[in-house]
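A, B, C and D label the chains in the order they appear, each numbered from 1.
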Amino acid sequence: MAVVLASHQYGKAENRVVRFQRDTPRHEIVDLNVTSTLRGDFADAYLSGDQRKVLPTDSQKNTIYAFAKEGPVGQGMAKGIVAVETYALDLARHFVDETGPVTGARIDVDSYRWERAVVSGREHDHTWVRAGGEVRTAAVTVSGSGPDRETHVVAGLKDLTLLKSTGSEFHDFLVDGYTTLEPTKDRVMATSLVAQWRYDATCLADGFDFDAAYDEVRSVLVGQFATVHSLALQQTLWHMGKAAVESVPGVVEVRLAAPNKHHFLYDLQRFGVENPGEVFHADDRPYGLIQAVVADDTAPAASLAWER
Amino acid sequence: MAVVLASHQYGKAENRVVRFQRDTPRHEIVDLNVTSTLRGDFADAYLSGDQRKVLPTDSQKNTIYAFAKEGPVGQGMAKGIVAVETYALDLARHFVDETGPVTGARIDVDSYRWERAVVSGREHDHTWVRAGGEVRTAAVTVSGSGPDRETHVVAGLKDLTLLKSTGSEFHDFLVDGYTTLEPTKDRVMATSLVAQWRYDATCLADGFDFDAAYDEVRSVLVGQFATVHSLALQQTLWHMGKAAVESVPGVVEVRLAAPNKHHFLYDLQRFGVENPGEVFHADDRPYGLIQAVVADDTAPAASLAWER
Amino acid sequence: MAVVLASHQYGKAENRVVRFQRDTPRHEIVDLNVTSTLRGDFADAYLSGDQRKVLPTDSQKNTIYAFAKEGPVGQGMAKGIVAVETYALDLARHFVDETGPVTGARIDVDSYRWERAVVSGREHDHTWVRAGGEVRTAAVTVSGSGPDRETHVVAGLKDLTLLKSTGSEFHDFLVDGYTTLEPTKDRVMATSLVAQWRYDATCLADGFDFDAAYDEVRSVLVGQFATVHSLALQQTLWHMGKAAVESVPGVVEVRLAAPNKHHFLYDLQRFGVENPGEVFHADDRPYGLIQAVVADDTAPAASLAWER
Amino acid sequence: MAVVLASHQYGKAENRVVRFQRDTPRHEIVDLNVTSTLRGDFADAYLSGDQRKVLPTDSQKNTIYAFAKEGPVGQGMAKGIVAVETYALDLARHFVDETGPVTGARIDVDSYRWERAVVSGREHDHTWVRAGGEVRTAAVTVSGSGPDRETHVVAGLKDLTLLKSTGSEFHDFLVDGYTTLEPTKDRVMATSLVAQWRYDATCLADGFDFDAAYDEVRSVLVGQFATVHSLALQQTLWHMGKAAVESVPGVVEVRLAAPNKHHFLYDLQRFGVENPGEVFHADDRPYGLIQAVVADDTAPAASLAWER
């Protein structure tokens, strides 16, 4: 046998870039956590410690901050705020096109939401309150050059915590010797959703509005969670994924991971107190974890889009 | 010398109570993290292992969940949502009045915000999205009985992250041999605020509206952060505290702790790029930590209100 | 186009199982965090809410706890402590073999280390101190039945934080217009290692000692980090991976992910103080992230072993 | 009424100082998280934004790093490693004595443990593995000058997770209408201990060995947890505190906070399986929280030592 370097990549993780637009008194803010990952011919760095093909992660960091000024985000902010997806595309293309040994790049971005502070009923020009709630994500992959180039954009969100206090059942499930769960016709259903959706090449055309697409998919996900009368979290996920694929032209695949955040009805009968679905203990662990991939069956698969 | 038990207390921490109101199709949610702390004559449990005066923390847990159904929260939800402060008062009084060895009780509550899911432009009846952002807090202390009874209510918030992109200076500070900081006339100021305000007995009167008081204090804190042209985070905190004391009758003391979450201007000059206050690195550690206590000087101090 | 359910799986995450052996006065402890993931024919639960093929995650939880008593861990503890890998294998096989619709199962286990409390110089029989440091991991996948059965065991560790105060260089790297990093012949190198290694079928034979294999691989990883004079973290990882594959017969592939936890020399010259590599600031973010896969080139690839 | 600034303080939090001793081939490491808090006459900064008496937190940071080289830690490392308490004392005295408006200073230090990497059975000269487990803490307060000077040193630890699999009972407790807990003669007892102990002036004498004192107190705490047959966590804490005060001359007060990390016996009877105290679920929340202050009754109280 021979021991070989089968695969490798490297980059700079968690660059906390904050970008303001201050050209008018009404400022804008974009708050990001950016990670670069480069792929290519860096084997010598591993095998013999030869760094001649290695662009330092420190240089990647500098590039990430510089592009926040000069790249599409900068241009965009003059006319509002351009989506993080275009900023990530610009960075990925830069590394692949401008750095010799780099044959592929992936840019991951988390985007934190801020809301304008409200003062005397009006939104303030240069003060914000961090919104909490879900984090918007983007993962852009660029690989190869010329006709072999592959470009993938995956948008998404995480930490979107949803709860419904009725409209959820779970019964008639498989029973084995370790099954003690009682079936229920009415339960609390809650999750902290991770959703990622892949666009096809539609999104690379001029004028594609990533922010509008994000808003639409998020809205559809929340809407299905709310309105589907659920016989299982699985069923709810399917409807969420299906509606997302059908919502925005260009969305061809949706991946969903949903912890079933259990809420247990607290037994108050012991104290002579009725508890008709009103008081619950929100448990931490363990939790169910339900996953689904929903796709347009006419779209070619794109495993590279999902490789971390 | 003799080694003595100088002080002791115990309780049940982090009970994750979720309470729904389901009397009409439009449900309500209250989502809490509740901690009880009992004080009294429990020395025997320490000194000799004698538990006869010790109410188990498990019983405290049961009480916390039961009161979510029967206590003021329950009553209140029939007509909307009653504030967590009244629920905490009820619990504290119960432990002191109904449990022989208990002479004092403190109830701490964190309250998580949920917003109704919006479906087709309308707020949904029984589905919510967790709001993130700040956590509302309450700390109620009841001690003694009869004429010696002390009752304190401290409301507050934590994790309120605020940022302003201009309107903040820092210069003309003290300089010593270790000072290298450059003065600035324009910087980013950001913090993740912890604020706690103590009410006097005004709040114990029937009809005191804790939710309205909370909203007003929060609004004033955000407003001052936004509108005070800041020469230091210290100055901003003073104005926030002063305005809070003056905002709601009954607020007599405000305690503020504010990390100075540093945003460092990224040096792009090295790459021939101007950066006039637009691209920053949001640093993690270290951070400044500024604290202030602002009070109405006619209100008697109440150290017990703050004892954890 | 048609929207289809392209893929799905579900399970119970983060079951916190603690198992004691108490047959003699000298007790033993195994402290685990166990996650089950089932694959198979559950599409009806998604598409129509039909649960008849769905074994509840609650039943999976019960099984996980029950097997901690009856399964190999239980048997093993009579004669010491059997490795978590065998416990995970037993669980995975049970789900695939005993649950009709289940065609594949993955069991992930985190294992926390405890050390016996030392009292008067002797290890105590039934008291432990949690060790902290790295967490041992295992990921077992069983898929298919009969001659088509695939069985994979991936062992590993995470949060193994390593640091060397010399013996690390970084220079002669690629320079572009965004490069400002100074080359160095002596720096601090630190990482928080994630390592996972795949065994081939060797490990399924009776008597294979997973604990001894773990100890050996861990020892080799630490040894290489310490003794390789490093020209880059990449080079160090290669030597760690190579040595791991060569260390234990049956280890055929190692995956390494190593954050470069930057330690910046603090500039004390400004205060007239020399700082020859003695005082550093340990920074949080961003950090380099270096990854490598090192493999025996005669071993067939096994992508299923790595699918989460 | 007048609204007044009742109290204030400020400082630099979480300076991540790593200090090496490299004078011989066998290096030493000290890894700290240092927070400074200054008290004094800074009211003008709050009331009018006048910074002339404010030493920037950035200068405090520089001082913290510089003293890691020049101060007692530096001197000490030439002959081994001097305790963090002396480093903190030096910093606190510096701020009070050398900075005009500063009348008091508190220095908090967390100290992380590293163990030498073992290579071929021998401890390596310049490579370490982070130990995990408990974090050692120190809190030094210096206030006033001349004969009014107060100096306090509080040592401690946090995150010391202890567990015993037998030797713990809980029964004959107070029962009220909300009590459903079953008494037990044998349970698992586990906690994640926070302990802080105050030294009197004994510790300020030349030659007081803070490291030896720490080791002795830690050893006594663990020893009592292990060997006291416990009728309640309260009783165990009392014996731990008492033994700590009696262990090292100069320790006059110990404060203990101990979450009761519940381990629930898993009901396997439902599956026909006996579970005589062997398989447990380690629950997250809620948890009991037991606190105690144990003191030498001849030592004067020192509330300033504990003020954060």
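Here, a residue touches a chain if its C-beta (ideal position, glycine included) is under 8 Å from a C-beta of that chain, and two chains touch if they have at least 3 such contacts.
Composition by chain, UniProt nomenclature: A, B, C, D = Uricase.
Note that this is a predicted model, so its numbers are computed, not measured.
> In the chain contact graph, what is the shortest path length, in steps, from chain A (Uricase) to chain D (Uricase)?
Minimum step count, chain A (Uricase) to chain D (Uricase): 1.
> Starting from the Cα centroid of chain A (Uricase), hunt down the chain whose centroid lies farthest away.
Taking each chain's C-alpha mean as its centre, the farthest from chain A (Uricase) is D.
> Cα centroid separation between chain A (Uricase) and chain B (Uricase), in whole Å?
Whole-Å distance between the two chain centres: 31.
> Suppose each chain is reduced to the average of its Cα coordinates; what separation in Å results between chain B (Uricase) and chain C (Uricase)?
39
> From the C-alpha centre of chain A (Uricase) to that of chain C (Uricase), how far is it in Å?
That pair's centroid distance is 25 Å.
> Would you give the residues of chain A (Uricase) that are in contact with at least 2 other chains, written as numbers and ranges?
Each of 15-16, 62, 66, 178, 180, 270-271, 284-285 in chain A (Uricase) touches at least two other chains.
> What residues on chain D (Uricase) touch chain A (Uricase), complex-wise?
Counting only chain D (Uricase), the residues touching chain A (Uricase) are 177-178, 180, 270-271, 284-285.
> Can you list the chain C (Uricase) residues touching chain A (Uricase) in their complex?
Listed in rising order, the residues of chain C (Uricase) that touch chain A (Uricase) are 1-16, 35, 37, 42, 45-63, 66, 98-101, 170-176, 178-181, 230-232, 234-235, 237-238, 241-242, 245-246, 253, 259-260, 285-299.
> Taking the complex as given, what residues does chain C (Uricase) use to touch chain D (Uricase)?
15-22, 27, 29, 31, 62, 65-66, 68-70, 74, 114, 117-120, 124, 126-134, 159-167, 188, 219, 222-223, 225-227, 263, 266, 268, 270-271, 273-284
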